[in-house]
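Have a look at these structures, which come just after this line.
Shared between the two complexes below is chain A, which has chain B as its partner in the first and chain C in the second.
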Partner chain A sequence: MNSSSAPAALPATTPAVPSKPSAQKPRQLRKYHRREQRAGWAMLGPALLLLLLFVFVPAMLAFGLAFTNARLISPNPPTFAGLDNFVRLFADEGFYRSLLNVAYFAVIVVPLQAGVALIMALLVNAKVRGVNFFRTVYFLPVVTSMVVVSLLWLFIYRQDGLLNEIITKLTFGAVHGPDWLNNTATAMPAIILMSVWQGAGFHMIIWLSGLQTISAELYEAADIDGVGRWQRFRYITWPGLSSTRSLILITITIQALSLFTQINVMTQGGPLDSTTTIVYQAVRAGFKQQETSYASAISLVFFALVLIISGVQRYLTREKS
Partner chain B sequence: MATTLERTSRRAGARSTSPNPRRLRGIGGWIGRILLGIVFAFPLLFMFVSSLKPDQQIFGDLSSIAAFLPVGNLSFDNYGAVFDRVPAARFLINSIGISAVTVILGVLINSLAAFALSRMRVRGKGIILTLIIATLIVPFETLALPLVWWVNQLPTLELDGFNLSLTTGWLDTYQVQIIPFVANAFSIYLFHQYFDSIPKELDEAARVDGASWFKIYRKIVMPLSGPAIATVSILTFLPAWNSYLWPLMVVQSEELRPVMIGVQYFFQLNVSWGQVMAYSSMITLPVVALFIAFQRSFVNSIASSGVKG
Partner chain C sequence: MAAATATLPGRNQTINARIQQKDSRVMNTHFKRFLTASLTAAALVGSMAACGTGGGNSKDGANGELTLWTHNAGNPDELASIQSVVDAYNQSQSKVKVKVQAFPQDSYNDSVVAAASANKLPCIVDIDGPNVPNWAWSKYLTPLKLSADLSQNLPSTLGKWNGQTYSFGYYDVALAMLARASDLKAAGIRVATVDKPWTKDEFESALAALKRLGKWDNPLDLGTSGTGEWLPYAYSPFLQSFGGDLINRKDFQSADGALNGDKAVEWANWFHGLIAKGYAAQKSGKDSTADFLNNKSAIVYTGSWAADKARTALGDDLVVMPSVDLGNGPKIGGGSWQWGVTTGCKNPDAAMDYLSFSLKPENIAKVAKATGTIPATDAAAALVPGYEPTGKNRVFLDFSKKSAVLRPETPAYPFIATEFGKAAQDIISGADPKQVLDKAVKNIDSNIKSNNGYKS
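Take a look at the complex of A and B:
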């Protein structure tokens, strides 16, 4: 850490190096540069070492271990197993089920969360008194941990929980809601609704920063022409948000594909695998069953999926703008 | 009645000629804001209010607005019971310690790296920065499982009385909950962006006066980087406090567990929802208090973390 004293002590060894005749730089300056290099590397060192150890190495390991039979705790070192894990994965019905569930989740959550967040952003973008209060309130679920949110909604979704009581009240006793999380048809929609509730405030902020980049002059010009509110949105706001839009699309998609916490706290993948997900499958294999190699194969397929989908999204949104 | 009508019509009239039409004025906007406010605030309000009620009353109040109101038989009994059921104090101390150390080390190590990349002539720094930013596309979920295996292979120094011994495996330690999350590509990127906006003339002048690089970092650049430090602190603190997937896999001992893992204790045997709500409130309110105190920094940090995608 002490970059000033360490290099100062070192140059005692450097004068031994004969100076090249071609070097025109005064020795003093070269020494200065060398010292700067050393100090620079000393400052970069800790971060680079940690990133290497905890990002690069595990990323490489995901590739490597997927082709072995590694177990989390095992007396034997892992041995090469070829494509065994992938063969097993692509024959696993649970894996296809998790792909389908995640696709279902993402296809609904992405537009719903982006849309709700945009409406919220438009509502709190107004320069009227009291708007800051609502901005704070909409943001509260974002700072609340997903674990806590899942617990809270576990209660709300009970057969005799808050949601069903409200439904019964609002319909004057005509409708009695289902046991949301124990029903294959309603478990995933319930998780979707809760996830949007938790995440929309986050994307509201990103929409807001996009809205603030749109020039007020455009709106003034539209006003002079007597353009209606919808058309103002359609021809000024919406095109003005194009880069924000692709950003939001990609962040919500990756977040949706990584669905795990809600599932682990609320349903454990059930009922009847109707809410199992890719990350949930990977955790179950790698942690509960200690099959690191199989979990690495799932992680690898998951990463490829994330890469392909966000690549396609980037390509599509780039073409439009 | 007449005056409200007048006011609304005046507002409606003002809307079409308003110089800033981005304003969504009028009754519709306020109805929308309030409805959404209810949707977002009431579940959390329900959680906090229920934490003060006995179980029976929680269920009794469900069918009326009382579910959201602090009425009836209120007490902190649930909070007391939480401490009997779960080593909650231990979990809180663990989480506070883990988050604090991660934030402090994260700010230090990432800002040092960003300083070198932004300010100093380091060979190959262009490539280094590109490599660091490239890691942002990898979601943690894809690294988590190979990482569990990997940390179990890492050597660790164990102090047993006065004997230092080298053992293998970081599983079930504090360091495994901290060290992997200290260096963060996005924090480096944020610091780098911010340092680039600080005029380099300042440190050149200091160099002429014979100041060391570390002194420039400590005395010139860091004191000018308050907003970046706040942003990185919040972006490091939130996932550290909220972490769940990682400690679930790498921590077995009760005395090392963080707060989020504590929720599991409430579903063994008979569930007391009042206690669940009390524990949930207890681990949420500190973050909400921090958020309300540092609102601007929170919002800025979230806005900048969106850029990550």
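Take a look at the complex of A and C:
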């Protein structure tokens, strides 16, 4: 199983800092340094410009608009409205409902999706024939557009859809499944299941890259010491994945918090607001209801929330030295 | 990176620390500069965006070429019919040339809004009827000054706001109930007609009788899986037949009493009752017409666009019935896609001239034929097979004339539509009617107030 000459498993501790020339020629060093800096900025320039124009500026604009009464379509120029939009937002029960829904979604999806992805990664990391086939299969949902996936699952979840047919067959007709997406109790779990199915493949790839950076020597040494499978995982694999782990935690969390596409295609927030989310509310307010400023206020609050949550996660998963 | 640096031993570590210190100072000034630059950029773009409201300064129409935008890139038949009207106009005179640009329907409105904020609106646009007041209020559209006579058009094909006409359409569509004559006979129900539509009680007992036949889980298909504009288009006429409305139409300033009064609550209870009693599904199939033709429902509540397909499949067994009279006569939604001229157009006379030309009966007939819709005038109807006075589709024209109610002609309509749509969905799902309607009224009223009553 553990062939010692695995080329992919190079040690991760290759020094990334070039050796420094001695401090005898400081001027030359500074010149060299400056030239390098200039080249660096020149290379960074185009990307930075695009980033500024299409990410930073719109975000700043949105933050500014949140304090006005701007509309998507209006003959009147926007005027400053102070905190009106925020007052309205915090008095809106739909907003709290969407917070609750998103929290529900995130609390289940983050561990579930990360866990399923890890199990899949461990399975396809085995060196057996045909493993590439399984990697491809697990990755397929990821390269399929979320809109398409949502439409397909819309049919699977119908009252007379695939899922209910399977349930009926397996229980010999004793159990008839609910109308998954039209039931306030099952709509969110149904969307969670589908989202995990769609997203797990992507995080499997990330886990896999993390797994392959763990030195094979460690496993060899463990084999010689005669450790069991669980101990191998607990004391070699798991610690070796620490930085991958925080990356996955943060990306899944942000992805879960910005839940939108599935909702927009499958339930439009219903039934009875049981699947409405913050981003869905923002898009509805901004485009369908033409209230640009209110949508901006929602986005601003959402941004702050994501920032705080990622910050807390970053702090909790920081490398302690 | 940080981990790798820390593994370097001894002397190098101190050098590294110093370099890092310097780096961080460099980074600091750079970061400050970067921040200043980006804030400047943001301010710049912000001020540009601020001047970008209204369609005031487009260049279209300046050099003898008018651009026409249409939403039907996804409908080749309709697009071809518009193109042929334009071609005929271009050949009829040599002063101006009209150029067609087609967009997919889903992104059409966004494209117009984007073009308006960039001052790049074309001279001629098509507009979904209920949006006309909103676009007129935003000064996208200019009032029509046509040489052609609009008095012969169906009232529901004209887009009016503040006493002026901003748009007209070549066609309208009508809501109706399609059923099989054989099914109605089996259940012992009479066929409803234009002059004698079903009453509320008749409708109720018809559904009960059909359900008793045991052929369908839900005999009625209301199209409850529909979203967006379908919801107010299809379900607000029921509300209006009860005596409620989306808004008080006297001054369009508040929905209080209209959308949450006793009549409206009565409507909501009745509407939810259809679902609760199992007459209609809480969420119907994706394609109501196909489900009807596959005998999954006995009566389908849909638009005139479905009639031709149903007639081909069922032949003489198909009956087309008017909507239900729930107290104030049957009501159906009026207003489909219409044409208008933008305020920025450099040659509005030419644009008006084109629109007047396009109103010839043969042009209207051409478009109505291509889209399977109701021609806007009687003269055109005589040219469209099925819509001549004895034609099989003539009944839709009668529905339109008799029961069409325009969606409220106020710039607030797009907002009202979303609120009503959500309320209807919540009522279907079993929410408390009064509570849902009160909330919709509250949101609509505060939206109107925050826009200063949408006064011009």
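Heads up, the rule we're going with is that the second predicted complex is superposed on the first by the 266 of 321 C-alpha atoms of A that agree within 3 Å, B and C clash if a C-alpha of one lies under 4 Å from a C-alpha of the other, contacts with A are read in each partner's own complex, and residues count from 1 in each chain.
Quick note on the criterion: a contact is a pair of C-beta atoms (placed from the backbone, for glycine too) under 8 Å apart; a residue touches a chain by one contact, two chains touch by 3 or more.
Nothing here was measured: the structure is a model prediction, and the numbers come from that model.
Look at A:I73: by the touch rule set out above, it reaches both chain B and chain C. In the superposition on chain A, A:F86 contacts neither chain B nor chain C. Taking chain A as the reference chain, the count of touched residues is higher for B when chain B and chain C are set side by side. By the document's definition of touching, neither partner reaches A:Y104: not chain B, not chain C. In the superposition on chain A, A:V306 makes contact with chain B only, not with chain C.
Contact with both chain B and chain C is seen for A:V57 once the two complexes are overlaid on the shared chain. Touch criterion met: A:S258 reaches chain B, while chain C stays clear of it.
Of the two partner chains, chain B is the only one that A:G201 touches; chain C does not reach it.
Within chain A, the residues touching chain B in one complex and chain C in the other are 37, 53, 56-57, 61, 72-73, 287.
If you check the complex, the residues on chain B that touch chain A are 16-25, 29, 32-33, 36-37, 39-41, 43-44, 46-47, 59, 62-63, 67, 109-110, 112-113, 115-117, 120-123, 125, 128, 132, 135, 137-139, 141-150, 152, 154, 179-183, 185, 188, 212-215, 217, 238, 241-242, 244-245, 248-249, 260, 263, 266, 273, 276-277, 280, 283-284, 287-288, 291-292, 295, 298-299, 302-303, 306-309.
Those residues of chain C that touch chain A in the shared complex are 1-8, 12, 15-16, 19, 26, 37-39, 41-42, 45-46, 49-50, 53-54, 110, 113, 116, 134-135, 137-140, 227, 282-283, 414-415, 418, 422, 425-426, 429-431, 446-447, 450-452, 456. On the chain A side of its complex with chain C, the touching residues are 13-17, 20, 23, 37, 52-53, 56-57, 60-61, 64, 69, 71-78, 84, 88, 179, 181-182, 184, 268-273, 284, 287-291, 319, 321.
Of all the residues in chain A, the ones that touch chain B in their complex are 1-5, 33, 36-37, 39-41, 43-44, 46-51, 53-59, 61-62, 65, 70, 72-73, 119-120, 122-128, 131, 134-148, 151-153, 155-156, 160-162, 165, 168-169, 197, 201-203, 205-206, 208-209, 211, 214, 216, 219-220, 222-223, 226, 229, 232, 247-248, 250-251, 254, 257-258, 260-261, 264-265, 279, 282-283, 285-287, 292, 295-296, 298-300, 302-303, 306-307, 310.
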